[in-house]
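By written order: A, B, C, D, E and F. Residues from 1 in each chain.
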């Protein structure tokens, strides 16, 4: 049984990832636990009305693991469905065994709307194009993927607000590549902007946020790391490119490398947003603007997920505190007319 | 003879638009005139070493008219070619006669890189699509074009910095429509963003800056007007839509109109940039971002025009004071390697 | 019995509006309710120690209705008096019956310190003056009042911070009109500022915030509406004026209308505060400044209501986080000297 | 003959104040002088086509003195009338003799639209009211006027942008007092704001900018002084009040003095505008807002002086770079209708 | 027994200061108390599971007093040790008797890492140096210390974030004086900056924050006072200097006093940070920069106190929301290498 | 003869560097040249009243070379002394021959107040200390100095505003090292801040601005380079450290290197000032604050150079537009008393 099948009054038995734990004390000195659990699509609150101190400690350290839950009551509570069990008898922490990581996370984590395989294939196709013009970029990207960013396809793009799900980072870059190709790939039509170097920008898009695989922890716990605090994904990637050049006999002072690294440095667009330099080439400006576009569109798409048509959503910090309006849609994207 | 054919030492005879005039006094009390003249591609400085007060006044009032120039000397001066004549004998102010406006401005004003006809046809095609889903938008756009924005195809998009040339406004919207279609037109590929209403946004793009035809004067003198100071192109267009509805029996309170007008109001993206509301729908956000993209790409393209490859250009106020770098390009847009 | 008569230890029986409801769960699984109730002058917290799920749902949907409360205990709690009942036996939700709205809200909502009648009469008097010089303004204001702003006299001026009470909007404009008349009405003295057009500004003051009747919900629930999110009270009013002109045969392009609409657009004074244009006429500047004055004075007056003399109040977000100081006053407004 | 009577082609003979001097060199090594001269209403440019080095030095040191000019040519130049003389034979520097200062400056400096006498009488009347409630304030104001601010009535209120004319400071405070009295004087009507202490605020208005008499130099040369750079008019006045108390046996720690000094400190309203504290009392807020109002209204009035009706003026730095629009007016301040 | 000796499972008996009190209600109507208690080094949470209303009121008014606690249980709770007692039998409020204040606060308040005596001696030594060059400054400082700032050595420097402990103010100035002497005292080496007047700056450092003794309450309750809200420590000190001059026959208009007062006014460095003027002398700039340095270094030192080596700390509002990294250190301050 | 010896009326013969050239046209069509020339201490304007086009071109290309000037007239002009010659007969462009660069620039460029040798020795001494604790830092610094920053000792620290003279960069770091040592070197006294790693910070100071040797051109022409525009001195240095590690077998991922690079990245202190990360360690904060201190003190020192005691200087853009006040000084740095 999955969380999306919850119904008030029907008991739940199934597995879910333990996302958050709070141990609280009742007036009589006893402890109870307030959990948040999720599977690939939903997140719910769950109460365990009585835990010992021992069990409290055990639960706290099980964050990021999976719980097997038996016969939990399901009650409506403040417009949501909440699970409750009396004590830990109905709950067991499941150790991840020989199920490989992607299966496991595919089940319990919210993940990108496109599969890893589709994204991997698309990246490969882009690399093939890039390689024709800039063989050095192909070498650099492969070096970084192999040595540093092996969990690239499973990484979130942000700690919150946009693409904060499994594979969010890859999905963000996947759509940015699509944006770029639509605007500039001659196979689709005459390129719209004249000084744009499509293969330069394809490489820059693939690399621009890749430092986040070190700046932030895993998808299960996407906090900033020590390295991410001392450096940032921008300078981490800037650094990896240097290393990739040196380790592969590429002259890091050649113009193509300088220009690629400039795009990485400038992709946040403004100094106050963390770029040590502002875009000085049309390529750097375009990559910055496509990044801005995809992240803002994604924030609307995420806001709309749990929102009813014809209503205002919650105030959204990333969108200047707007309460997004969701319109009813026809299949062709136009307004639904009753 | 055109200004692009100027050579030091070779006398110039030809016509050019009088862009700027300054009358100055020499130490002996005599007056001379410092002119700026241009044709469709170039702008040059020109000195008339002796003018009477009468002629000075006549020249001052000829701003925006065309001069017929005979046998002007051409000398290098501070890295540019400058024209000089001794007095007004070699200069005649030409009245615009029966040459139609577009011919005239086509000759003497810098104009968009795409012809009016191409742009007009493209807008017509878009309108046909819009009309299928939102016939009311087609009526509104035609009403506004007919009653207020007849010089739309010949208008600059800005007083300076981006698209400040003849047809700049139309060209800006033409490329924004192309951006939108590339990203979202199902004929080109699967739409990249899911809640986007392409025909809503096509209409919004066509309308978003159309109020500039009243906010600013003509291409020859693109200063802000009184109405543009009291209102702004954003609220001018907001108003025209209302009028178009009321004059054509369209209910301005229906959802499609409210949403279209919201995009117009929100297209500057932030209150400090002149939008009275921030984008509250994914459509409004997308139109804002495409506007941002095209105007910034255009600023780079304009900066690159007179810049040599492998050099830094002038500090660019619209681009955060960067000195843009122009790279040498191959035909495929990639870096030229020597 | 009214809330202002509450005393610790004396049981309360009376009626009060239900302003806020939270249903919470106790450790034994039972629910209790935390209410906020108010009448025309006071707001108090109230606990219902045991509610069924059914009752919880019923209470939640009674927000904005009136409760008849019987024999509630009154206890001091954290410096305030709190009401408690054991269960719902002592509480009944009262349906609004044949009591007209103003009576009802007069009893249960905090309302402006001046009666609706006084304010209505004053507005009428102003309109009579306006009409002598600008008959078109009189028509416009009457059209808007009739078609859109019928609850104008009962609307709050803001969701929080200033004039957020019943009739707050009318009271704000009433005092702004008084400010204007004091400064500029020749009957009171020589006008203080020379280019001010008093009847233009009277009309602008009456209209400047009138769009709030649509931007925000009712006084009982002053949240932003969908239309208020897509447009704003500034552009809503700008639009109504257009409609009023068109529906009444007034030329909306005549100078008086353009200038009136400019004041509406510019009355927030700065773009970052939501005005699409900044004040370009002395009239627009004056209306902006009187608006600024009245709203800031009101924030002090509201802060002082529950504050003791010779103390600092709470940090006030609308007043740059100051902790206002309230001085002891003599009847003539001067400092009280002991 | 006065500067307002200048006509092209008619020679000018008369007196004017020398406001600015620039000595420049012609190509043949000779010097000429470019002057700016003014009387009570106008400012004109004037050229002296030949000066010796000796005369150049003499002219440079005559800034702020009066020139007697004989038979200067008057020519139109760049839309203005310019005076020219061949050499210094036609110019004589006039020493100020036994004409008292006010006569002299009344003739040659732009001055407030209300006479010193009218303003002095009005201040006296206010002081009489203040004294009834706060005799200590009367003593303080008289002390400061006598010891520090004797040229108060002849001081400009600002180096540029608002009230930058002779008597500008007094005129600014005169109109602020009128604003306050209109709003709050019970003789005029019921006070509009309830916690306002009119005599406290009258005193604060008289004092708020009085430190400018030391912060800036004289009306003839309103530059910042050393003391004005090390301190500011805000803290200079704060200090004078202390001294006035101590020299007159007034306890500077009593509440009336603390509150008065708070208004002085807070009257710029925001820290970034130079107030070390933000307004914490309703009185401080009101004085700040009246100050804001009068200075902004004055900027419009000054902008309108040389502007034609129905036109846009110059970009105005103090008014957020707006180009003010001046409407045609009827005697009653309403729009003129043709 | 002291709080630093707490162990889970071992009962605590000892004394601690009552820092915060919250009285809360349990579901059965009974009250319990949530306390925060501290001694010279630690702060802990403490629960009293049952209090009467009487006892609740008593506890609330005991904030800032000392509790004698007997046999409290110590349990781990959310990574901290928490104390619990069943009721008030185990707690007694201790009146401060004939123990002098410094002993008492030395025991129960967190205090500066350097003793009062050491700091007092150091200040005396500085004053001796200052007096040689500026005897008037010695008089001023002594006057202020005697009349206003007697609790200077026991005052915190800030309500939160830096030096918010007993003696924090003195410790801040003590280290700033050390900074200054290191950089500029000729006995230590050639002064590093050439226009710096060391004795001027010594005096300014001692005085710059001394107004905080009146701006904020005592170390036990460091809230802003009424005077601190109406004025600020900057203008309070500016004022005291004036008074000290006048009371001691020092001319407050002499240059040394003007320059000293300028440093006081300008020491926050920017208007938006509360300085009415910006630094106009090298001395003012240096004192501002040393103030900036010491307060920021202190914030790191305070953040590091409870942080483990090789970890990131909590987001720190005063340090631009950074999560400080604490490195493992060798005795010489260098990195510890394992 | 040197420029400092210029006297009005005495002819000048000597050598000076040609800093700026403008060729202008006189009314009779002839050209003249307006030069700016300087030697080690002064800069003066110079006119050549007649040049041919040939000579104009020659002069323009001689910028940065040295002119031998014979018998130039010296005249006072606008408070400065100006040189004039009639034509090019009196001027000869001097080719730099076998005089080594430092001699040449020592003569003609404004240079740091401390000699290269003194600074070099001091850096060597610091390196010796650093090496004891962090031998890897010594290797890195030497690698960078050798491969990239050989002109470090002759570089300006900024294009304008602070340390913009020959050796300015070295001098800035030299004084920052002195600041650090004064505060933290145990040989001078007990270190003032407890978590500071002096050798870490010594290395960071030497490296922090060293990227400017590539970010900007030479001292003679300190414009931003292409690399400086694409990257910035911050990321250039960040990169060099990586390369130095890799080329010398140092593990760039060890903690000492990560922390050193963090200081480089964070030394501008805020993102809007160009640091991609904010200071996260006390070391990074200290280096940032010392950098801030030295650059601001230097701006005052540079402002004071040409300023008279007891006057206000020019508005200083780098110092928040203050007009610095320069006080008269005694030898002990205290105020001079007359």
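The rule we apply is simple: contacts are C-beta pairs under 8 Å (C-beta built on N, C-alpha and C of every residue); 3 or more make two chains touch, one makes a residue touch a chain.
From a predicted model like this one, the values you see are computed outputs, not experimental measurements.
A.B. asks: Among the chains, which has its CA centre at the largest distance from chain F's?
C.D. replies: C
A.B. asks: Hey, which one of B-C, A-F or A-E is the same interface as B-D, over half the contact pairs lining up?
C.D. replies: A-E
A.B. asks: Over half shared or under half: which fits the residue numbers at the contact of copies chain A and chain F, same or different?
C.D. replies: same
A.B. asks: Counting C-beta pairs in contact, which comes out ahead: A-B or D-E?
C.D. replies: More C-beta contacts join the chains of A-B.
A.B. asks: How much rotation, in degrees rounded to the nearest 5, is required to superimpose chain D onto chain F on the basis of Cα coordinates?
C.D. replies: To map chain D onto chain F, rotate by about 120 degrees.
A.B. asks: Find the geometric centre of each of chain A and chain D from their Cα atoms only, then give the gap between the two centres in Å, rounded to an integer.
C.D. replies: Centre separation, chain A to chain D: 61 Å.
A.B. asks: Taking each chain's centre as its mean C-alpha position, how far apart are chain E and chain F in Å?
C.D. replies: 41
A.B. asks: For chain A, jot down the residues that touch at least 2 other chains.
C.D. replies: Chain A, residues with two or more chain partners: 27, 229-230, 259, 280-281, 312, 322-323, 325.
A.B. asks: What are all the chain pairs that meet the touch criterion?
C.D. replies: Pairwise, the chains that meet the contact rule are A-B, A-C, A-E, A-F, B-C, B-D, B-F, C-D, C-E, D-E, D-F, E-F.
A.B. asks: Please give the residue numbers of chain F that touch chain D in the complex, ascending.
C.D. replies: It comes out as residues 26-28, 32, 49, 76-78, 84, 310-312, 322-323, 325.
A.B. asks: Please output the residues of chain A touching chain F within their complex, sorted ascending.
C.D. replies: My answer: residues 227, 229-232, 234-235, 238-239, 242-243, 246, 252, 258-259, 261-262, 265, 271-277, 280-281.
A.B. asks: Using the touch rule from the top, collect the residues of chain D that touch chain C in their complex.
C.D. replies: It comes out as residues 133-134, 175, 178-179, 182-184, 188-189, 191-200, 255-256, 259, 270, 278-282, 285-286, 289-290, 292-293, 296-297, 300-301, 304, 312, 319-320, 322-327, 329, 332-335.
A.B. asks: Give every residue of chain F touching chain B within the complex, in rising order.
C.D. replies: Checking each residue of chain F against chain B gives 23, 25, 27, 29, 53, 224, 226, 229-230.
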